[in-house]
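In the part that follows, the structures are each spelled out as structure tokens.
You will see chain A twice below: alongside chain B first, and alongside chain C after that.
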Partner chain A sequence: MTRLQPHEHQWIDRSRPIEFRFEGQSYQGFAGDVVTSALWAGGVRMVGRSFKYHRPRGTYSLAGDDVNAMFEDGERTNLRGNTLQLSAGLDLRSVNTVGGLKRDLLRFTQLASSMMPVGFYYKAFHTPRSLFPFYEGQMRKVAGLGRINPNQMAQATPKDYAFHDLLVVGAGPSGLSAALAAADEGVGVVLVEQHPHLGGSLAWQRRNDPEAVASLNTLVKSVTAHANIEVRCATQVAGCYADHWYALVDEHRLTKLRTKSLIVATGCYEQPAVFQNNDLPGVMLASAAQRLSHLYAVQPFKKCVVLAGNRDAYRAALDLQQVGVEIAAIVDLRVDGETTALGAQAENAGMEIYRNHAVYEAIAGSGNTTVQGVKICPLGDHGQLDPHSAKRLDCDGVAVSVGWMPVAGPLYQAGGRFTYADHVHQLVPTELPPTLFAAGRVQGVFHLSDRFADGRRAGLTAAVELGCSDQVVRKPIVHAGASPSHPYPIFAHKKKKNFVEFDEDLHLIDFANAHQEGYDNVELLKRYTTVGMGPSQGKLANMNAVRILARLNGKSINETGTTTSRPFHHPVPLAHLAGRRFHPTRHTPMHSWHVKAGAKLVYAGPWLRPEYYPISGKTREELILEEAQHVRDCVGLIDLGTLGKIEISGPDSTAFIDRIYTDQFASQKAGTIRYALACDETGTIIDDGIVARLDENRFYVTATTGGAAAFFRELQRWALIWQMKVELVNLTGQFTAMNITGTKTHEVLTSLTDIDLSNEAFGFGNVREGLIAGVPAKLIRVGFVGELGYEIHLPAAYGLSLWTKLLEVGKLTGIRPFGIEAQRLLRLEKGHLIVSIDTDALTNPFEANLKWVVKSKKEFFVGQRSLAILRQKQLTRKLIGFELPSEYNGPLPEECHLIVEKGEIVGRVTSVAHRSTVGKTIGLAFVRLDMTDPGTSLTIRVDQGKLVPAIVTALPFYDPGNQRQK
Partner chain B sequence: MKILTCPINGPLPLQEFHYGGEVRVMPDPHTVSDSEWADYLFHRNGEPGIKREWWHHIASGTWFIAERNNVTDEILRTYLYDGTTAS
Partner chain C sequence: MNSLLKRQSPIQHLFDPTVGQWGELAQAAVVLAFDSEEVESRALQTLALCDVSALPKLGIKGPAAANWLQSQGVTLPEGIYRTRKQSDGSLVVRLSDNEFLLQEGFVSQTIQTLSELLGWGQEGIARVERQEASFLLAGSRALNVLAQTCAIDFRQAPHDRMVMTRIAGISCRVLPTETESKARYQIGVDATYAVSLWESLMTICQELEGRAIGTAIFTARGTI
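Now for the complex of A and B:
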């Protein structure tokens, strides 16, 4: 392993060598290395294989903008080698190989590349249809990158929150200047840099320019010392969301950042040139070569050709020469070459310069894993190549510097729009909403002094807009001089290994073919060719793709259009995105008792409720039936703490309740209760419960467990719209409830209260307030399960003590708690429907046998107008009871099983109980209107298509005269 | 995440709110025709522009109205049903 001479600004720490493994081999690097730099230093040229053709690939951007180096370590997959910091014990493999990187069995795929034209997948794999399962199986083996370890334990990563006035993205010369200018005016700034160190392109591009180095040092010093600036390095702004909400991602966590303003100083991605074999290991961006040598002290090549389209190429050539690389030639695409002092400097340094020439082809070494040389050609009048006059130059590397594309993601995502500017041959932001600013190269400002000034301008403007400064703001700077980007660094070749898109292995000819097939719109072209849809999201491909399409269409780039850039900027580990599985659970006051009693708990909405109370040696079904039977024969107690409990009072409360529910309440006497049904404006049932009138203008109403929150919300809105004088209090949490029911209820309750429980004083359908076991409570005599019984509503704090008191006092009587399954069974036996189980999003009261509770002649209620229309129409279905014949002994129906007749669906089971206290399998079902008469035979189709006979039965199944509850 | 300004409680993140649909005025149910009533119930105007929307601040139970440009997703103003703001 050889490294260049130490240098104060290198990112590696030579005092801390680190051992790691790659593809089974041991290597050594230093702390501060990324994996790719350490591998390149260790002589590894092939760091990965391409997605489709499994072509050998090497270091290309060294900035995380390409995905040639994608690794996995058995736990994590798709680690990007360009940004993955070296750490002890790393044991990496390349992601996209079968049998290892060198021998990859899929490397022969490229031999068949001519049979895989663009759109191949769309064309080849849909006929014949019968073969699709086979195709799918084969495709799954080769599709996707990396393997996941299904045995991996779920990892919870921390989530963090941060709040600042201003986010500055990118800590290059313009970002640093912007952060400093704003912070100096008193703005609270967070400066986010994706690399581990500050400096941006100055960290590697101007290392031999003492003035630039000095400026950078001063800036970095001021920024890190500034009290108003928080610096976050090695952090990407993964996404920009509404109202200045940002997702910051670092190795350990996701930070949700909120600011008031944004400055984007993200700079540019250096862009590839398209020529034959432009993907060979050894062909790389000039910026990558500079990063290798300046940041990691690794010599990128021995002898290289620099392909130039701008001034930056000359600076790179001089830098490379300075670290001992022999410059075989500078091949300049421009007719006049570099006309500034840098051009002369290169010539004086002995470099051979071919102006108006292009690299036509890189010559591959054995196995396509190295570069042996290049063929260069002069360019014709229209930029075309003449291969006959090709000249060969020997080299082991090609450094490409032909142009730049703005890192536009944050600007696009924050609402900015771009247009193509011919003076810089790049996209520049044109429309930026207020509180969004761009600075530096991302908006086409390239000269170093301009970038400092442009950053200061943006920082100051943001400070003024935030009200922190009243300084006069300058206008944005416009680039002067030669364009930093070449308009068309793309060259055809008779063979087709000139890649436009490295992620997806797309060649130049693929674009011509797609265009010929009619995909002449940028968005269609993108989807058909899949350009920009790989893991690097087109960072190195989209601009060239648009240039190609524009030329094919004979239009300008602005007429052609560009694609937008969506989150995430770089891939984000799913662990960072996964939530913490925070599911709030509500407990009733009696919860601890249920837990102690060993109750089987189930969720009912957010609530945990006892399903039944297990007894060893007995099955669930047995216990549910036993609990229900006990209520019928003796007395039971159930926790109803989850019911929605709402108090409605005020002078307009009666009128309000009359408008909410379908029934009429004006005549309701104080001290009584009524069943209450609520519909929405379309006449669909949304909730039911009881309305207890406590006195003239005070009501206590219940709502279903699941629907209470939404129902209360709607009550609040109607009260507002109708401008009625009512007070609504949601007591669901403050109060709790339980129901004591069964023939022997009075044996338990009488001794605990002074309330006269006699039928004469407190009949069915009444409500009383008083003390029960010394606790202030409402006692409501309801049908509920069809036995004598009371709902007891009381402040939640007393819930547990009353519950235990009732069980204690009732011990001799034989009181027993029951769960919601027994409750469902008992209520089903009485033919009671459950809103949202037996009803759906279209059920109206008429088809649910609730016509008796719809008072059409009232002045108004929600849903009245719709029900008036529905009443005129023929119903299509009705809820009925059914039972299975007593001799039936086969598979049993479940909820949602269909009722069929002659192969047609004529209904659906909504509730079913396999065993009941009436000794049969019973249920509720919606059926066609001509099948509702008791005695009608039904056929229920159960699992595996088996048909089960059933008979329509009059409701209720139990105690039709309702004698027992009275 | 968007920030919505509750007229009572001030600017808060969107997850504290429940969307209540576009503000639509119920026609007089006693005089309206069946088809006009059906139009009120089932037809929504998807036209781009400024919408008046119901929003509910869950924690405080405050219903209010937001005027939102559904092209730019910009909230222009929020106010209580009677047109006032408390703050």
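Now for the complex of A and C:
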């Protein structure tokens, strides 16, 4: 590992060497290295293979703008070598290879590249249709990049919110100046920089300019010390959203940032030139070469050719020469070359300069893994090359510096619009919303002094807009002098390895072919060729693609247009998006008791409820039946804390309830309860429960566990619409409830309350308020499971205490808790439906045998009009009970199994119990209307298409006279 | 009949009964201290989470509610969602023109007295059962915890105004308070979500080197 001499601004820490592995080989780098800088320092030139042709690829941008270096480490995949910080123990392999990077079996794909033009798979793989699954399987094998490790454990990552006045994106000279100017005016600023250090392009592009270095040092010192500025390095602004929300992504988390204003000072991506073999390892952007040498102390080449289209190329050539690179030549695309002092400086340094020349071809070394030289050609009057005049220059690298493209994603996403400006040959923002500002190179300002000034202007303007300053704001600066970008650094070649898009291996000729096929619109061209759709999202390809299309169409860039930029602009780990994955679960006050008792818990919406209480050696079905039988024979206790509990009071409460439910409640006496059914405007059942009238204007109603929240919202909505004088209180969490039921209920309950529980004083269908174990509670005499029983509703804080007290007091009686499965069985035996299990999104009360609670003559209730219409129509189905013949011994039906007749569907099972206290397999089902008479034979189609006989049975299955609950 | 039952915080079972010093607050078993006073005081300055669900609460609503409360000597906040701490440490929050939430202080008896006076309700006044869990999040890193769980900027939140929001995906009411120039946040949540919320907050607190503390540190002061 050889490194250049140290200087104070390098990013590596030579005191902290780090060992890592790549493709099975050991390497050493330093803390502060990215993986590709360490590999380049270790002599590795091929860091990956291309997506389609598996061509060798090397370091190109060293800035995360290309995806030549994509790795996986067994747990993570598609790690970007240009930005992945070196850390101890890394063991990396290149993605998208079969058999390793060097011996990749898919490298032979490039031999058939002429048969795989863009879009070939659209045309080749659709016939014969029968082979498509085969094609698809093969294409999925070779397409894609990294492999996901399905055994990787999910990791919860923190996700947080942050709030500031102003977000400044980019900490180069413009961003630093903007942040400082705004902060000096009292604005709270968050300055976000994607790299681990401040400075932006100043950190690597102006290292040999003492004045620039001094300015940077001063700025960084001021910014980091400023009380109004929070600096976030190594952080990406991955997306900009409405209302000034921004997604900031760092290694550990995603931050949702909200500000009042935004300054984008993101700078530019250096752009490639298109020439033959422009993707060979050793061909790289001049900025990448400068990064390697200045930030990581790695010499990029021994001898290189600099392909120039602007002044920056000369600065790069001088930088490279200073670190010992022999400059074979500067090949300048411009007729006059560089006319400023930098041009003279390069000549004085002995560099040979070829003006009005271009690189025609990079000459590949063995296996296309290195550069051996270049062929350069003079340019004709219209920018065309003359291959016959080609001249060979030996070198081991090509540094390309032909132009820039603004890092425009944040501006586009924040509402900015761009126009192509000929004086800089790049897109510049021309329409920005009032709280959005751009500064520096992103808006075409390139001279260093201008960038400082433009940053200050933007910062001050933002401060004025935010009301923090009344200073006079200058107009934006306009670039003067030669264009920093060449208008068309794209050169045809008789062969086809001049790449426009490195991600997807798109050659220049692919664009001409697509255009010839009619894809002459920029959005269509993008989708057909897939330019800009790879992992780097066109950072190095989109501008050249638009230039090519514009030329093919004979139109200007502005007439051609650009594609849309959407979040995310940079890759975001899915774990960051998932965050901590909060999944709130609701627990009743008795939950801890259930857990201690070993209850089998099951989710019911957000609630966790005991399904049943396991006993060693007994099966689930045995236990459910046993719990149910115990209720029938003795006494059981079930947790009903999940039940919706709503208090309705006020002078209009009776009228309100009458309008909500289908039954009539005006005549309901205080101290009684009634079954209540609620429908929506279409007459569809939405909820049911009981209405307990506590006094003249005070009601306590229950709602289903799953529907309580929605039903309460519905009540609030109607109360507002009808403008009625009612108070609605959702007590679902404030109260808890339990049902003690069974023949021996009184033996347990009597000792705990002063309420007279005698049938005469407190009959079935009544409610009482009083003290249970000294705590104010409501006692409701119900019969959902068909036995003597009381729902006890009391303040939640006492729930667990009462539960344990009942079990303690009832111990001698034999009280036993039962779960929701036993309750479902017991109510099924009584023929009671459960809304949303035995009803669906279309069920009306007539189908569900609930005509008896629809009081059509009432003045009004929700759904009344629809039900009046439905009443006139013939029903198509009805809920019935069924049982299996006692001699049947085959597979058993499950809920949702279909009922069939002569191959046609005539119904479906809604509830079923394989074993019941009535000794049969019983269930509820919707069937066609002509099949509802008791005794009718049904056929249920169960799994694997087997047919099961069943018989329609009158409901209820248990205690038809309801004697046991009275 | 005297109550045979004890009140319980919805998260009481999360605490090991053999760890820390236990006591009683408003008929509920509470952890007075998990560790020494010094440790808990230090946590209160940096990052601490305390279960104060045992403090009784009472809801009162209806057209006559405001007048009745004032007639009982309660000073009411003027704006909706504004709060007013009473001289005995109890707290009143105005939820609407005609609805109030009252919370007992550590040594006050206001809620108990009002509750007995009110009974099941009176003409123009409805009693609203309030059994929410309450957690106190305190310390210099409390804002970090809120930033990871809630989309509200609590740095700017006034200290006498309740905020209705979602924390860790759960609907909550947050009451920023200030004691000895230190911001504290009392978080009220439906008791059925209390375990989920406590566990989410405590996970983050522990990552930020915070801890659970007992109520004794507040009992001595009479207020949070």
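Criterion: the second predicted complex is superposed on the first by the 932 of 966 C-alpha atoms of A that agree within 3 Å, B and C clash if a C-alpha of one lies under 4 Å from a C-alpha of the other, contacts with A are read in each partner's own complex, and residues count from 1 in each chain.
We adopt the following convention: contacts are C-beta pairs under 8 Å (C-beta built on N, C-alpha and C of every residue); 3 or more make two chains touch, one makes a residue touch a chain.
Fair warning: this is a prediction, and the values are worked out from it, not measured in the lab.
Colleague: Does chain B (first) or chain C (second) touch A:K805, or do both, or does neither?
Modeller: second
Colleague: Check the residue A:T588 against both partner chains and state whether it touches chain B (first), chain C (second), both, or neither.
Modeller: second
Colleague: Touching A:F860, do we find chain B (first), chain C (second), both, or neither?
Modeller: A:F860: touches chain B, not chain C.
Colleague: Could you say whether A:A162 touches chain B, chain C, both of them, or neither, answering first, second, both or neither?
Modeller: In the superposition, A:A162 touches chain C alone.
Colleague: Thinking of the overlay built on chain A, is A:R713 touched by chain B (first), by chain C (second), by both, or by neither?
Modeller: In the superposition, A:R713 touches chain B alone.
Colleague: Check the residue A:A242 against both partner chains and state whether it touches chain B (first), chain C (second), both, or neither.
Modeller: First partner only, chain B.
Colleague: Between chain B and chain C, which one contacts more residues of chain A in the superposed model?
Modeller: C
Colleague: After overlaying the two complexes on chain A, where does the chain B footprint on chain A coincide with the chain C footprint?
Modeller: In the superposed arrangement, which is not itself an observed complex, chain A uses no residue for both chain B and chain C.
Colleague: Mind pulling up the chain C residues that touch chain A in the complex?
Modeller: That would be residues 1-10, 12-13, 28, 53, 59, 61-62, 120-121, 126, 128-132, 144, 147-153, 155-156, 168-170, 190-197, 200, 203-204, 207 of chain C.
Colleague: Please give the residue numbers of chain A that touch chain B in the complex, ascending.
Modeller: Those in contact with chain B are residues 241-243, 245, 681-682, 713, 716-717, 720-721, 730, 860, 864-866, 869.
Colleague: Help me check something: in the complex, which residues belonging to chain B touch chain A?
Modeller: It is residues 1-3, 18, 20, 26, 29, 32, 34, 37-38, 41-42, 54, 56, 61, 63, 73, 81 of chain B that touch chain A.
Colleague: If we count contacts the way the header does, which residues on chain A are in touch with chain C in the complex?
Modeller: 158-163, 256, 258, 580, 582-589, 591-592, 607, 641, 647, 649-650, 698, 727, 729, 731-735, 752-754, 769, 771, 773-775, 795-802, 805
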